[in-house]
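Starting off with a structure, shown below.
Going in written order, the chains are labelled A, B and C, and every chain counts its residues from 1.
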């Protein structure tokens, strides 16, 4: 089921949480709704679910305008951040609960005990909780609770599965395991899935597409790869990437980019005027004397590579270098730039300046 | 192992405490024997002495009257002899006084010297040997008490206790009177009934005219005891033997049945939700009722807006065709008594000086002037200044002095009183069978 | 040289908690233990003892005889059985009514957002209002001739009812008063219990398509059941001990009878009545002992039920 948001607005008194969103979530895809705290991503998710009212705009599930419908009329599955399992019911009853509130579409009557057991077993197998069916939520670990929550959301075969920051309550290793699990389940069921997260690495690793929000406005909606390689504005560039991108204010003239403090950067460009130059850490290569000369401030090893920090003028730069090369603090190094990992941004509007030489 | 020994320990503790206590008497101080006649009671008060006086009226007007007597004592006789009386008003009335007093007696300290009390409590104080026989004091030379001026009923009741002796003196006396709506009686040319037959006539006339009951009696217990006495049976003698049992039971049953018939006929009624008849009387739901002379002060508050009327008091009806008993009207009173646990003869003498002063006609006049209490001394009751100052309830009360009877104090008096009240409530309000209920009551208390 | 302790001061208790051996602990226990022994344990034993006397003189604290006479007397006393009947009706009628009403009120208060604080305050006011004041107000409501209730019923042509005088009606006046008086505290307890429930559970139920009724019975109430249970337990003991309401509504300065013929008497009031009005301490003690047995029986029943029906979450 394709989900389409048209001109979606949400205001709380005077505060606009979601500002005219126009987004399409493709059918069968796992889309990440990404952004920093307070950007409106959870609010958007809850408006899609029907638990939050819409101030203006429309939401379409396929051809159906669901904007005014209550949650259970929308046929959605929702996994809450803290799972919200029913603590007094067994896992089996928790999973079965949505079905007990509706009629079996095949028979037109309420689900019988056997039918329920069958369905529960099916879904339990999918999320791999078959052995936990008789337990109560209090006896489950965080990861197990989440699987149960997912099972409960999926049992009625919803048109869309919504997950609100599903991994933020888990520890690091479990997080990695569970996000692969979510991916696997989504691939098996082919249900359109939207999941909210503030962790860009998470979003990048398992989603088909990312929708990035900031301040209630859409920044960019694209595949992870494209968003990383071709950010459409300053915010997108700064948000994705670990270690994060470094920025220098430059003046571009005569094909050259010169920093505020007069340092010439090895970045040829056609652009004329003031700009902010964004440089990905992996853009730096140690080069010949034609590069920019810098003094190493600090070195941090990450095992497979290392982060080298230095200054260009007042700007603090982080560069990623090969693990083999040993840098000493204070050492003077000459760096060149890979231009395909550098981006120019308008200093006022902060959107991306695209010119001939920077096309990827 | 540990648990079991702990259990045994606590069990033995429990048994120990319960059975040890039953055998011994409590920690009452070796109470002084009440001084018997012959022993010297007059003391020389060499040092100034303070006397504690507990009073129970708990009413601004009355308390200030009593305080006047206390103050005047302190300034005259007291000053000369070095006696100071400290008066404490027990807020909460007679029950509070009794509770505090019992606590003091049981703990052995803090017992006041002079108290006001009721006859029903005296047997308890006798058991605790805390109350003092006043006979030698009354007969003492310089500060004796001449009781010939007293109405008979008070002289008698002062010595009608389980033990020989005079243990109380009258202090605040009141009696039951009949209140009637004077305006209504004048308007309808009715005369105030003096017998029960006249009462039935008058009440029937009023009930026919107004369509509801005309008369009521505040306290069902007094209804029983007064009517039973008037019918020839009675309530109890001074030792607690019931007078309405045996051959007299039928007389009591007749009287109460007759009273109940009037209620069923709709001419008499009970107080119901109001507890006191001053309410219905003020609302003109009844035109006559019998209640304590103390009630007079409250009637003015019970008139609805613009519904004031003139009312007056009269003696209660006496006698009926076929009743063989004597005239009777219930009188209650708070009595003065002397308390002492420690055989402290000086304190007793000082207390007596005060009590004797309290019983003088001048003092009596002071605390019977505010419209509720009756003077128990003939000289005061017959004096013009008292008569001129007295209210209608007091005049009606004094008129009945020769008919007064009181409830005696004996062991178990409280229990009998409660059970008799219950019996009457069940009969008059809850439609219980008169014969059955009174027979049960008589049987329960037959000796 | 400091003597080394050859015994480990730290001990693992039954449930796996860490405990510390300490002799000083007993010293700290002595003050509260002394208070307990003097004011709870000793009086309790004395009451037990007094119940077995045949006669007891309070003022000299002397008891005579030993036997079941006092118990026999109480069991033969018709007033005692009125008390049992009234207390029983209160427990069977007033108790469930109060619990259910206060539950409904708490659910309603919990469901509104605006003015929630205002309603909480309003419903809690009876608890902090003096019972005497409340009783006086109810007296004015229930008065046979000039009471508001009879006036209101009169508008529909119903005859005046003797709420406070008619033996068959007094228990209803008492029940109504007890219900009203008991609501406040229970409403607060239920509100506290409701607020412990994770609010997202309600959202999950909404997404799962549960109707409001279904949410109430399958989700809210089961999750509230520990609180409901606690309220019931507390209330049973509280109702069994009803005394204030009787005193305030039915007795007066003149008469300590709980209604005409003691028709509105309850067990607790009966104990008071035997002691303070009739002055027979041993009967009061016997009644108190029987009352204790009843309460203990009720508590045992409650424990059995608790094991079967209450869902504790955690």
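A few points about this structure:
Here is the rule we use: a contact is a pair of C-beta atoms (placed from the backbone, for glycine too) under 8 Å apart; a residue touches a chain by one contact, two chains touch by 3 or more.
Here the structure is a predicted model, which means the values were calculated and not measured.
No other pair of chains shares as many C-beta contacts as B-C. Once CA atoms are averaged chain by chain and compared with the all-protein CA average, the nearest chain turns out to be C.
Averaged C-alpha coordinates give centres for chain B and chain C that are 38 Å from one another.
Spacing of chain A relative to chain C, judged by their CA centroids, is 57 angstrom. Work out the mean CA point of chain A and of chain B, and you get 92 Å between them.
Residue ranges on chain C touching chain A, taken from their complex, read 198, 200-201, 203-211, 214, 219, 222-223, 225, 311, 313-314.
Across the interface of their complex, chain B is touched by residues 42, 45-46, 48-49, 53, 57-63, 66, 79, 142-147, 162-165, 167, 252, 254-255, 257, 260-263, 273, 277-280 of chain C.
Against chain C, in their complex, chain B makes its touches with residues 14, 17-19, 21-22, 25-26, 28, 102, 105-106, 124-125, 127-128, 218-219, 270, 272-276, 280, 283, 285, 412, 414-415, 418-419, 421-422, 425-426, 429-430, 432. Partner chain C is touched in their complex by these residues of chain A: 49-51, 70-72, 76-78, 80, 82, 84-88, 97-98, 101-102, 138, 152.
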